[in-house]
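Paired with subunit B in one complex and with subunit C in the other, subunit A is shared by the two complexes that follow.
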Partner chain A sequence: MLANTPLGKLSPASLFVVGLAAAFVIFVIVQAITSPATLLQTVAASLGLGAVYSIIALGFVLIFKATQTINFAQGSLAVAGALFLSFAVSDGHIPFTTIANPLLNIGGPSWIPWVLSVFMALFFAAILGAIVERIAIRPMVGQPLFSVAVITLGLEFILRTLNNDTSETEFRSLEVPWGSEGFKIGDALINWSFVVSIALAIVSFIAVFLFYRSRLGIAMRAVAFDQEAAMAQGIDVGKVFAIAWIAGSMLATLGGIMGTQPPVKQTGAIDPQTATIAFRALPAVVLGGLDSASGALLGGLIVGFAEIFAGQYLSSYASTIGAGYPLIIPYVVMLIGLVVRPHGIFGTPEIRRV
Partner chain B sequence: MLELSNLEVVYNDVILVLRGLSIEVPDEKIVALLGANGAGKTTTLRAISGLLDVHEGAITKGTVTYNGERVDTQKPSEIVQTGITQVMEGRRVFAELTIDENLRTGAFTNKDKKSVQDAYDKTMELFPVLKERRSHTAGYLSGGEQQMLAIGRAMMANPDLLILDEPSLGLAPLLVEQIRDIIVDINKSGVSVLLIEQNAAMALSISDYGYIMENGKIVLDGEAEKLRNDEDVQEFYLGLHTDESGERKSFRDVKHYKRRKRWLS
Partner chain C sequence: MYRRPKLYTSYEQETQLLPTWTQKGLAGAFIAVLFLLPFDIPVITDPIPGLGWLPIFGDGIPVVRFLGDGEWIRVTSQVLVLAIAALGLNLLSGVAGQVSLGHAFFMGVGACTAAYLGGHADSQVWGHSLPIWIWLPGAGIAAALVGIIVSPVAVRVRGIYLAIVTLGLVFVGIHLGNMSFGRKIAGPPSLGREFQDLDIRLWKEETPLINMSDDGRWLFFDVTEEQKRYLFFLVLAIGFTVLAKNLVRTRTGRAWQAIRDRDIAAEVMGVPDFKSKLEAFAISSFFAGIAGALVVSLSGHLLSDEFNLFFSVEFIAILLIGGAGTTSGALIGTFFVIMIPRFVEEFTRWLADAEGGVSGAVANAILTGGEGDFGFVSSGIESQGWPLSVADWNVVLFGVLIIVFLIFEPLGLFGIWIKVRNYWKGWPFSY
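What follows is the complex of A and B.
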């Protein structure tokens, strides 16, 4: 795209981005020569963080595609799913009950009960997503999109309160089979959670792309394009909304689980901050394009790289730019991206509504 | 048989658009519904297919029944399942989806794989142009091809009644003929057709019966043959005579005038 455009024809903003990219490439080459181990570690962490952002961004995209609204409750849905898993594997019982988690006695390698419990958490997330959609979103079909967005913001607060009440402790640990282990490539230490996040992101994206080609997926894309014409084909718009919320809630759960692990968090625990993972991923969604799954993937990776690289290589300037600077990087990247492409990298320029 | 009786439709609780409309579409026939811009043709279609809601419209009086069953209380998806599908005004193909995917949306209510495949094969036979471009994005099709896709999509649900809203709109004469022939073919395969048109010549040339509406009411109806030979229809809808003043009077004014004349004589 950019490669065969004469540089002279680019807008100043695009030139700025091209310049940034060129500087980044040169920087990476220099680092690869001077300290390859640090660079490798940084790249792995970037991919890990980018993967988590991508998974959460994908949830935003699915719900946006179907309902044309940004779901501000994505963060609490993420925490709800992660809490469920924490109760099931760390406390060893089914949440809200005293029944012991039967999956823990299955035997075999220790990761099998964990993986099965993750599936149980996803099932719970699906039900939660369906309930929330049915109670709070469905009655709003056809109402102004702004009102629906504000409703999701209200949901965020309600769910956050419920989460905090059920979680019992401020820091609730979420055990993972690999603990905080990693492996070494040369001198670079790579955490297993990076690998798991990347694998989950790949699986999520393949699942979504397959879904897009299925009967229901095509229906969802039809609804996204022209709701009335979709209804005229006999497509049940309510059903499409429900599926989007179920899928969005399940993706949020995956993101919530991995959001308690490095590189997002070193503690391996769910705490009141965990819900903000969705707001950290939001720039990735907007940058990629609100209605594009590929955009979620690319946006997530760009933001992940920017955040980790800035955290790693700008730390000596922290006293000047403020200690919390890595957290604002996603928004800075988003702003730069939007100046060049106002609808995001892969976003549809015209957002249709009925 | 589709029956609309005494239908009254209101938009936004105040704008009365259909004022006691009654029409019938018998099985296996082609019925034309003609009328000028704003007569309420599309509104009639929305009332049949349950899409008034989307436009803040509602049926305030009268009923729509299909084979004796009320459909005006059903959801759009249920109405499609009873066998009524439509080709919307302006085609409304899903431009970002491929042709195959567009067709699959039309088969949404049909969960039987075999019958979807049959409908698909039949559609491809009817529209060879689409077959060549199955995996192309629909947005790149020409207007005529999009109209064919819209008809093909509506046929994917195996309808018993197909309603088309101005399928000839914006098409070149040759394409209009092609579309007309396709409608005849579809009807011959046993599907009843309600053809909404402004192109009265085309519509009356293939239909069995016709209704002419103005301001939300039927002002004239009869066998297509009879309508074709009706002087007023010729003047106002077939464009065969031109008014000396060059002004197009409302069809209803003429009727009143004629009635009065008959009254006096």
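What follows is the complex of A and C.
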């Protein structure tokens, strides 16, 4: 019956995904009629969460583009960056020093010192990324890719321990200028942090997009294609590695800062669980395709929607499916996605020869 | 033929488990030492006549004590159990080349199955109180079945994607323990359940033939609970080592190596890709399941949260540090990775008690808490914040070890051994 329709050309697995998407659309329409305010709030939160995932996924993609490997330490880099901001705005001194943070006395609207402090945190995050890359990743140029991935796993454990001991596993506030406030559309309460996350995701995406078109970005794509061939063309592979890690670390910082805000966390503070944000964003990047910036954006949104919608509308079954179930929804989505497209939505299929 | 170690005149000779007499002798001696390790060996019970003037023989040396302390025996037992899991991962990742971060998940499946089959039911958890000859193989088989179930997904992806899929398994697995049926098997979240005692009996309520949960007398020796368990795990570990080493030289094992080296080329030569990978997942998961059940029986408490990412990475580290793809590498790696943190802890504890002299000075330099010191290790074992506690330093050390080995010695401890051996082989020439 379906054989002559466009649907008939799809594999059973793709058909299953199409069915899921259709069921989701129908569900949204039903909800839009019965309780529009809840739906609007859920969609806004989904966009917010998806944006945070996208920012972190962009970091993954950048590092993957340069080094062809996954950076498992992204979560700890995110927390480290957020801790730098927390030092600057909450404790009021420059990270690693006792010098008072001069940016806090600049005056003007209260958000200006905070934004400048974010730039300072980004600066320190860039240094951290460069150091980590120089010590642990640079010696591995040309080595088997999985070894590099395992090195980043080792880095993750080192950095996570140092992070936890630095924050003494207490909640550390980031003093965000918008606090926990939001605005109302009808009955739906929309948090400002959703808007900020979405804006940051768009800005990051455009920045990455422009970067790809720069001279260095083209060099990075060449390195991703073949490290040795790129070297032979006179490209400084080490420099490309460094740039990728610096940019990845800065993106991780942005993700880490927004990862302490709703909808990811209601507390608005860094805690030991913040580092798990990267492991939750990992499915997004795999779903979108490890080497595609647009894939990171789309994957982040899909995962964000799945997680928030599941959290909102399945909560009455929590006793059966277990508390904290939204946290594994990304992985369930990823497993389904990988069966259909093993290289992700926008990812380049790997061409292999004998 | 004699004294020509690399000269083989038949295929059987070349594929022997231990080709040379040196290896046979060393392996035999090593196993003998392992069996004697837990016991106090009476060497000289009385002062030796005529040698009494020597201070060390004055009172006689009562015993040679290897692992007299119950704590060390437990750690060594842990090494034996985790070695089984490491051997399993070595088959999958080292021999078949399918890198898996989900080994802890399969161990968790084994542990939960063992608790379900062998545990005692109460108001909170299910259990069937079955004997060990059901729950131990059951744990392995259940894990192998789960391995077969996930392998269609796992075979479709490779390399870094496979690592991420298996990483997902770990998170999903921990969550399964929180679901309603998971709570019935693994106990309430973050509380866990008691694991059954380790004993060998014919059926449910019969008197155990061999009871490994209290002290007793075997043959003519008094053995403690810990010693009994150690010997039991040792027998199992030796059995699984032989099994793993033997598997590598069978048709299946050679197929795995072909897949690892170049899977498309292997397929062209007629090695079934899907079937081989499926077998690798199933057998590796079987090892993991058995090891998972044993790990829990050693600690006596099942907690689903323990089978987390760190646990998985520990096995990857074991393979990398020991030397991936080699059985002896997996064994050495397990010993190294499990023992190093214990040594560091013991050393710190010893330093903390040291007063004066060289050790006191070292303690002052390393530990905090003294006066005017620059210590970087907090003397509190579990304390938070700077300076780091010993437990935290151990995690850092673990990460550093992974990085250092990958950068400087990608073949691991086994690679170092090969280098040392080759040096002496060619001595006094450099090659």
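Miscellaneous remarks
As a working rule, the second predicted complex is superposed on the first by the 343 of 354 C-alpha atoms of A that agree within 3 Å, B and C clash if a C-alpha of one lies under 4 Å from a C-alpha of the other, contacts with A are read in each partner's own complex, and residues count from 1 in each chain.
What we mean here is this: a contact is a pair of C-beta atoms (placed from the backbone, for glycine too) under 8 Å apart; a residue touches a chain by one contact, two chains touch by 3 or more.
Only a predicted model underlies this, so the values are computations on that prediction, with no experimental measurement involved.
Of the two partner chains placed around the shared chain by superposition, subunit B is the only one that A:Ala230 touches, whereas subunit C remains out of contact. Contact with subunit B, but none with subunit C, is seen for A:Ile218 once the two complexes are overlaid on the shared chain.
Of the two partner chains placed by superposition, only subunit C is touched by A:Pro139; subunit B is not. By the touch criterion stated above, A:Pro283 is placed in contact with subunit C alone, subunit B being left untouched. A count of residues in subunit A touched by subunit B and by subunit C gives the higher number to C. When both complexes are aligned on chain A by C-alpha atoms, subunit A residues 354 touch subunit B in the first and subunit C in the second. In the complex of the two chains, the subunit C residues touching subunit A come out as 99, 153, 156-157, 159-161, 163-165, 167-168, 171-172, 175-176, 178-180, 182-183, 189, 262, 264-265, 268, 309-310, 313, 316-317, 320, 384-386, 388, 392, 395-396, 398-403, 406-407, 410.
Across the complex, subunit A is touched by residues 49, 51, 53-54, 75-77, 79-81, 85-86, 88, 92-97, 101, 104-106, 108-109, 153, 157 of subunit B.
Subunit A makes touch with subunit C in their complex at residues 69-70, 136, 139-140, 143-147, 149-151, 153-158, 160-162, 164-166, 168-169, 279, 282-283, 286, 290, 319-325, 327-328, 331-332, 334-335, 338-339, 342-343, 352-354. The touching residues of subunit A, when paired with subunit B in their complex, are 142, 215, 218-219, 221-222, 225-236, 348, 354.
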